[in-house]
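Two complexes come next, and they have one chain in common, chain A, joined by chain B in the first and chain C in the second.
On to the complex of A and B.
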């Protein structure tokens, strides 16, 4: 009997190409969008390398220096750096400057934290040109300490990470992404390890190749990673507290993050400003991973507030986005069944009983949603690979998760089933004479 | 044989109650070709539907082959319809999404008949109504008379004992109507199929064994 139902479904769908196309399109499109959203979500917020330890991560995105003067005469700010703003507040003149930290500041103050298990420092302010056989390539350069590789668990395709000796000796070694390897060497294979790369004026040996991360976090958006001590000498010698370095830490457990955050806040608030020119107060911003993410989007300085602000609307939006097409599918299926009232009457007049009708319509909906679902999955896969190969989202790349695809297919078929069952049940019980009138 | 006893059918809407049939008695012996006539709205279709087990009487009993069908459940009644009855409607009621031969196969879908056998019986029934060459057409590619012949093929494919036809020639011109009538007469004569036919056409009614006239839900002859 199931074979009959299946054949019948296919016959009906074939005879209604327009209707079939519309429903298939709706189902496929919904599914595709949902899958793209999840893979985008997964790429930026999912448990992917190098952020497997995200729940133990505390980030110090920047420090803020302020100077408050109880002075009614407007001061003309002579420090013309791009971050500076000057405004009057009641009778005070408050000047603020936000930005990353200096090499000395991070290595002298942020390496003795009680709650931090691993320390990552990086400088992402430079580009390095690579040269090979008269060709020139531009790479985003990251200067990172050894602890960086503990905090961010990059996926090593070949070779190994940089270590303490590399920092101490300012060794001429680099870790590069698979993309950089392909650009420079034409391949990202094990044979690249140990080869030389001409970067700027010097030659470096490739120590390791990592898979390019899926998301575009400024914490690891580089192509080539150098030992931290290879950074421009002026960065290392600078006595200023502000400079070009970001910092992130791993605590021993996620529960210790608050303690570390308090420690950092305390450190900033009580920093001895006597050695700092012009400013009289410091604040060390700090955030957990998700707070940092929400902060970045909302430009809201308080990380936990930003997270709350972002979380609720995003969840609502996603729910709405999922609900609308699914409701539409239900609606489509319902009207489809009612449209065929006369057919149901005829079938019953010639001997179909209620459950025959029920099975027939459930089967039709299942076949339709299944075909639509499969098309949707294929579309999503095609679109994801298109987005990824052409870098349409910048460095962010979408993840493939066949498991997720499978679950979506199950969900959509389940909806096809559920949306068919109610109208089919009602129609299967109507009076035959009434449906034939 | 179909027998209805003291059947009353009332339709109730919010404001009014319509008595479509009132205390009706009718018995149709096996092999009879019976026609039913009467003015519009007098209850002819209602009577036919009740005899065909696709509508339920408000009061009274319907018996098929001597057994009252009250007390049978929906599945058993569906079985009865499938095996004993064949319907022909004024407006054909073919399924437009299915080909002619698929339409004819319909009653066999709800029986244990294999696909090949189904196809064979359907083609045989189509041959019987002279439409073998239209098997793969779709209903909207046929004329009214052809549609009704497909409907007859569908009604006879399962070899039912009884055929119920509600104005089968009502939508057709007189020539096509005669053709349909001839098929029904032949069916009755050759296979002994019991036929109950509602008609507005005295000429058609005259060709049948017996005529029953209704008026306002009651038998007048």
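On to the complex of A and C.
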């Protein structure tokens, strides 16, 4: 019977090529968009290295310092018989400054947190430019502590990570991405490990090669990673609380994140500002991974608000974009029910009941969506590789993993089912006498 | 006739409700996309006001121990040596904010009873010529301006437009914005963050004050001869490394930086437009298919009307009007919801873009619906009554 249904549905598709084309066009295009979107979400927010621990992550990208002055506002009542002069006082935030933190601040204050298991500090403010046989290379330079490699589990292709001894000794070693290795050495193989790289005025030995992350995040957008103590000496000596360092922490379980966030907020609010010039209050921004992502895009300070502001419109937009082709398909299917009235009538007259007809048409629709889905996947793969090879989205590259294909299969079935159920229901209720008239 | 048509459509409300819903949703999507695109295109229209082509940006690092005078001498030496290079046309130093770099400095002060908010850009007296800034009034600050009592500043056209709209000229006025400055010139429209940035009041400051705070200008904007970037870059890099005795020298192309700065708006806009385009094709094809089957199913009715003396034109008009009634109702409902967005000020975007969005969405949907209903209707109306009635 299964085979019969399949043959029948293929025959029906062939009978009216124009309608088949319209349906397939809508289906394959919609499914392609959905596939691209899932792929984009998977690349930026998915469970990819170095963000496998993203559910236990708390990020402190920067701190804010404010200065509050008390204004004296004089009110003079001119209508009163005597000069009645009252003063009111108002607190005004006269100056705000926010930015990353200094080396001293993070190493002295952010390494004794109760809830944090691992500490990552990084400085992303530098570039290493240079020339190799007249060819320019430009590397984003990150100065990171040993804990950075625990928090972000980079995928090591060759070699190993930097460790505590490298931080203590300010060793001239470096971890580079496969892209940087290809640019500098022409290859990203094991033979690169241990080789020397001339970066700036110094020579560094390559310790490890990591795969370039899929997503573009200020936490790990670098091409070369140095031990934190190799950073400009001025950054290390600076007594200021603001500097060039960001921080991220791993908690033991995702449930402890809230506790860590509270701990960080408390630390910021109660920080002794007596040593800080000009400013009198501090706030430590902290966010979970998703909040941090939404904040970065919207430049909105409140993490959970940013999350709402970003994802509600995005979800609404996607729903609308999917609903339209879906409706289109439903419309088309319904209007075509009448064409096949006679066929349904005959089937019913020979003993098929409503549910048989229902199953048959849902199945037919699934066949149609499946064909459209295959075309959609092929289009999507072509587009993804086009986007990736040309770096159209900057650093972010789209992924096509097993998960994406799995989600996609679910989407195909859902799409086929939703667009088929209403027309099939209407068909199954056709009156035999009417249709055979 | 109109009431008659309404009744006809009401009788088939189940079939029409799906078309109604589809048009309504299409309107909502198009309205949103158009409002977003119009808003950004309006911003794109206001010019950048400076030349970024064939221009490179450079960041370097001076020794912190250098005395101010030594910094100026070093800068002048770098400038001299650079200008002497065959491919360099002009060069200037700029402060901590670079065009297309992504950072902003903004300040708000009360001046003569009005709150003035302005972005700040730090540039030396050679910047006007290097970036080919157009001036609408006065001049870009010169070396001589630095010797006056007040430190000179240059403002952009939006600054004057927003805060001093009724004054003939604000050149030679002294304002207390981050210290007292005398305005020596007004540029044309000038914005530096990206093509999609807001045309915002902007003031330019020379190096003097920042030098006093131990924060000399450590970035450069250098204009090169056309297509010489690749060959000149390494020489410039070496020149700067030699002069600053520091390898922390970063060179970038301003044209590329502009593309990067435009990307956060450009990418969503292109994606939205492409998707909407495909959605429209999809809807047009679908509607065409649906109407084709629906109208063909009414052959008997057509035959009857024609036999009673109706012309093909009248029959076509009837079908087109039927669909138009559904469309108009869907658009009215959609427009009712859409109008709430500017009326309730749900977004900071000015209301006019939403009205343009409604207009554009209505026009496009109306055209598509007319086309998709006209073709099948005319085809059906052309049928000969004898043939059609004969079949029944």
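Heads up, the rule we're going with is that the second predicted complex is superposed on the first by the 309 of 437 C-alpha atoms of A that agree within 3 Å, B and C clash if a C-alpha of one lies under 4 Å from a C-alpha of the other, contacts with A are read in each partner's own complex, and residues count from 1 in each chain.
Basically, a residue touches a chain if its C-beta (ideal position, glycine included) is under 8 Å from a C-beta of that chain, and two chains touch if they have at least 3 such contacts.
All values derive from a computational prediction rather than experimental measurement.
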{"item": "Which superposed partner A:25 touches (first chain B, second chain C, both, neither)", "value": "second"}
{"item": "First, second, both or neither for A:382, with chain B first and chain C second", "value": "neither"}
{"item": "First (chain B), second (chain C), both or neither touched by A:190", "value": "neither"}
{"item": "Touched partner set for A:433, first chain B, second chain C, both or neither", "value": "first"}
{"item": "Touching partner for A:410 - first (chain B), second (chain C), both, neither", "value": "neither"}
{"item": "First (chain B), second (chain C), both or neither touched by A:315", "value": "neither"}
{"item": "Most chain A residues touched (candidates chain B, chain C)", "value": "C"}
{"item": "Partner chain in contact with A:330 - chain B first, chain C second, else both or neither", "value": "second"}
{"item": "Touched partner set for A:201, first chain B, second chain C, both or neither", "value": "second"}
{"item": "Complex contacts: residues of chain A adjacent to chain C", "value": "18-19, 21-22, 25-26, 29-30, 33, 126-127, 129-131, 134, 136, 138, 200-201, 232, 234, 317, 320-321, 323-325, 327-332, 334-336, 338-339, 392-394"}
{"item": "Chain B-facing residues of chain A, complex", "value": "4, 11-12, 15-16, 342-343, 345-356, 431-433, 436"}
{"item": "Interface residues, chain B side, partner chain A - complex", "value": "46, 49, 52, 54-56, 74-75, 78-79, 81-83, 86-87, 89, 93-98, 102, 106-107, 109-111, 115, 138, 154, 158"}
{"item": "Contact footprint of chain A on chain C as seen in their complex", "value": "15, 18-19, 21-22, 25-26, 28-29, 32, 59, 64, 233-234, 237, 247-252, 260, 263, 267, 275, 278-279, 281-283, 285-290, 293-294, 297"}
